[in-house]
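Read through the structures below before going on.
Heads up, the next two complexes both have chain A, just with different partners, chain B and then chain C.
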Partner chain A sequence: MTGAVGQYGAAGYLRCMTGIIWREGLRFLQQRGRFIAALVRPLVWLFIFAAGFRSVLGVSIIEPYETYVLYEVYITPGLVGMIQLFNGMQSSLAMVYDREMGTMRTLLVSPFPRWFLLGSKLLAGTIVSIAQVYVFLAIAWFWEVDPPLGGYLTVFPALVLSGLMLGSLGLLLSSVIRQLENFAGIMNFVIFPMFFMSSALYPLWRMKESSPLLYELCSFNPFTYAVELIRHALYMQLNLQAALVAAGCTFAFMALAVFAYNPSKGLIARRGGPGG
Partner chain B sequence: MSLMKGLKAGVFAIGLVCASASAEAYKIYVTNEKDNTVTVINSDGWKVEQTLNVGQRPRGILLTKDGKYLLVCASDDDAVQVFDVATLKLVKTLPSGPDPELFILHPSGNPLYIANEDDNLVTVVDIVNNKVLAEVPVGVEPEGMGISPDGKVLVNTSETTNMAHFIDTTTYELTANVLVDSRPRFAQFSYDGSQLWVSSEIGGNVAVIDPATQKIIKKITFDVPGVTPEALQPVGVRVTKDGAKAFVALGPANRVAVVNAKTLEVEKYLLVGQRVWQLGFSPDQKHLFSTNGVSNDISIIDVAKLKVIKSVRTGRFPWGVVATPD
Partner chain C sequence: MSNDTTPALHVSSVSHSYGARQALEGVSLSVGQGAFCGLLGLNGAGKTTLFSLITRLFDNTSGHVRVMGHDVRRAPKLALQNLGVVFQNRTLDPDLSVLQNMTYHAALHGIPRRQARERAVAELERAGLADRVGEAVRSLSGGQMRRVEIARALLHQPKLLLLDEPTVGLDVGARRDIISHVRALVGQGGLSVLWATHLMEEINTDDAVVVLHQGKVIETGTSQEIADRHEVGDLKEAFDAMTGLAKGKAA
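And then the complex of A and B:
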């Protein structure tokens, strides 16, 4: 296999990666419903849910904010995280679909190493999620969620890291789901707990006041760190702890996904192959 | 690592831009009603520089026209204390009458007009010779003090009588009384003298009065989504020098209302700390400061962008704020 890859060289790798990203992008653009749903979901939270809580939670100064912020300003980074979380899971759904349809098999038998193929898939999903995030942030700007202009730049690397983390989690999950129908389980057991048990909707100090146990659980939730990384970066600050946790989780999820997708050792082999 | 480096470099670059922007540093003085102190904040970085011990229950605060002295109403000491701005040492104490709350200087820099809340008086004090020049009887619980730009008309509001009293500064006679809504707290003339703004805390509105005719032009009301009408309690008012905008502190609504001073329509509400009380401009009027009595801080508003940029911790119950003689 090494020889086969060697004959393609770096240009071959690049072509392969571009192909995967291009396919993901095309798929996203052609599924207009998916694009609209990806935007409507956080916008509903921003316009309706946040409006209801406007005066309830409108008073607290926590890092990185330097003054009191309205609730919609507070939850925006959480909603950005939500876009990436759903996108990560959506990619995992697509992987299951690809596996059922057989396109995954075609991809995995290509001469390039598995980690590279999965990594390219991951990168493709992350790019798509970042595009969604910027459209969301642009709409939120008209809703008086206007972080400093530089924040739109500094949030980019944070979005790459959080997108990779949530995408790699999606990859890992896709390896353990046997059929498309099981995706509802992902919603109930992964997306909702991860989203609600994080700092996306309420500051952790508020969680600590009501339940120390929930606070501890939130502190162990990688999604909390993705949200805090985005929140700080949007205000041109670096939350080092969040960045390190996100990077560590990305590495761990990715390593497990690569292992799980190995037909001879991974979970697919153990379960007796896809669909079956 | 490159991510961190990139972000750090970005933050550093922004820091440089911010540092170069604050060319003319000045100081902001905040009275802390509960702590008997004045917090001194440097505009360069918005850092608390010093906390100064003053008399009991400090409330009203202003700078003399030359900017050399800081005057503080020590309400429970029945005195006005004078501090040297350069040394922040107490220079002298002025006779003020009982329970001084708010005061204002004549545009010429002397005398000082003080509202004595407990005695229903406005005391006129010569700040150079330490002498009481006159005591003018006004309504019950006098508080707000405004003076016309030409210095001829002094206006005092009385909290319980619900009136704005117009006082002739040469004869010390009341020339007119304008009935406003419940508990008028604050009075301010526009810089051209064409408008007098009087806030009514319980009435929940700001009356804009024509000083020439003493007629109310409009009562401005407020409506903040998600905030109950009872919480909309206007207190401090400031009008910009160009007469374009006015800012109204809305007490427990935790908002500062931005009003178009030409059309007298509310344009925006800015979220600040809890129970926002008094307001004060920076010398260049680029920033406005609000004292937030319950959250124990001041909020700094960018006047051009109409955005709250930062909140800075002060002592307990911050009440008055001043950064410029005007």
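And then the complex of A and C:
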């Protein structure tokens, strides 16, 4: 008699996950401004910043490149990472927004386990970010950023992993952040430091020449590994160390996020829930 | 696990605190199958905290919450399957259509797509909104949005429907409309309702009522019984006397 039409077996899990992904995709398509902003941001870096710095910042031959490369080519993987970083943080903002608007609560009253619901939400955000990345790479191709065709395939699993890592970081932050306005805080304290203290814009050996301390910090930055994973995968190489670090960070961030959203142990119960 | 005498909702000795602030203290209440129960309390009385515990946004640290006999902590999956919720805040996605909102909810209950559509249309018909299926939620009035939320909460055919101050922000007509709609749903049989409110006029004299004040249950019974016990004319006066509002007003 219970749950007359609901189906909570294996097929139900699958339908629940596809439903969450479907909604995320639908929302993204309907928020055109978000889509355009997500594309314009890295393109400005590619078209303007990279052009300006092309002559200033010489890049010697480093893996995975076989020859000297244009600065545009060098920063493209970093910009791909930037798209995913912004997307991960934006979906965390959406989680905070959702939670305050109550949409998060409708997700959390689903009978499926909470880790599964959060994981599905994470996967949905990652898929949206990968769609953005491919559109960006297509435009960059016309700008002389033309990795081997096979690279567009081999970068896919790397994008899944880096998307999950940055998304799970966002998920974790969403359980800690309380107010909508705090995206500015995320920009200043998460996005900018992560982006600039990484190998996205300059190889780390250059950083080492300037400041050994900053170099150490960069080497501890998970974003560096996401960028290197993407950079190598785009040229059909596997950077095992980067892959392992990204996988480890994803696992750690996700575990912490599930803990934070756990009904009995988590932060929601402790820090003063709703009024009324 | 459940039979006809199992209460749809059984809350026993539930306490909860946010750090040092005690939000609920030893709260017990019961809603029978097919019954309408009003949960009456001022803002800050602990109604929303109680709803958060019943819906398992977070767990109760002491006591038990059972939905159709299923403990929310031990068997959350079974408990939540039997539960439909209308939250105080609007929780529809304004960018999506009415039907898209409904089918998203259906997916959260693993309902196959075709069946989800059928159920969505059936529930929207019951809510008198069959002609708004394809419209964006944004274009609906406040009262219509509430009706969609009720239809959505009933999509997976739960046994218990929780509504947290569902008429807040609605005009008198829409408020009356929502109440009579929910009462009609209860009248059709099988559905139990816990209706949280601070508005006495939403409670009928023969309704079961639980009065929550400063995190404690201070009265239970039908509205009429409570009034009689306090030797006053109606629930409102009894409530004022219990919560000290009458004194406040006199002063």
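The criterion applied here is as follows: the second predicted complex is superposed on the first by the 264 of 276 C-alpha atoms of A that agree within 3 Å, B and C clash if a C-alpha of one lies under 4 Å from a C-alpha of the other, contacts with A are read in each partner's own complex, and residues count from 1 in each chain.
Criterion: a contact is a pair of C-beta atoms (placed from the backbone, for glycine too) under 8 Å apart; a residue touches a chain by one contact, two chains touch by 3 or more.
On a predicted model such as this, the values are computed, not experimentally measured, just so you know.
Of the two partner chains placed around the shared chain by superposition, chain B is the only one that A:Q237 touches, whereas chain C remains out of contact.
Of the two partner chains placed by superposition, A:S211 touches none, neither chain B nor chain C. The partner of chain A that touches more of its residues, comparing chain B with chain C, is C. The intersection of chain A residues touching chain B with those touching chain C, taken from the two complexes, is empty.
Within the complex formed with chain A, the chain C residues making contact are 2, 18-19, 21, 23, 43-49, 52, 55-59, 61, 68, 73, 76-78, 80-83, 85, 87-91, 93, 95-96, 100, 103-113, 115, 119, 155-159, 164-165. Listed in rising order, the residues of chain A touching chain B in the complex are 51, 54-56, 58-59, 61, 66-70, 146, 148, 150, 153-154, 157-158, 160-161, 233, 236-238, 240, 243.
Against chain C, the residues of chain A that register as touching in their complex are 1-9, 11-13, 15-16, 18-20, 22-23, 26-27, 30-31, 100-103, 105-113, 117, 263-264, 266, 268-276. Per the touch definition, chain B reaches chain A in the complex via residues 3-4, 6-8, 10-11, 14, 224-227, 254, 271-274, 295, 299-300, 307-311.
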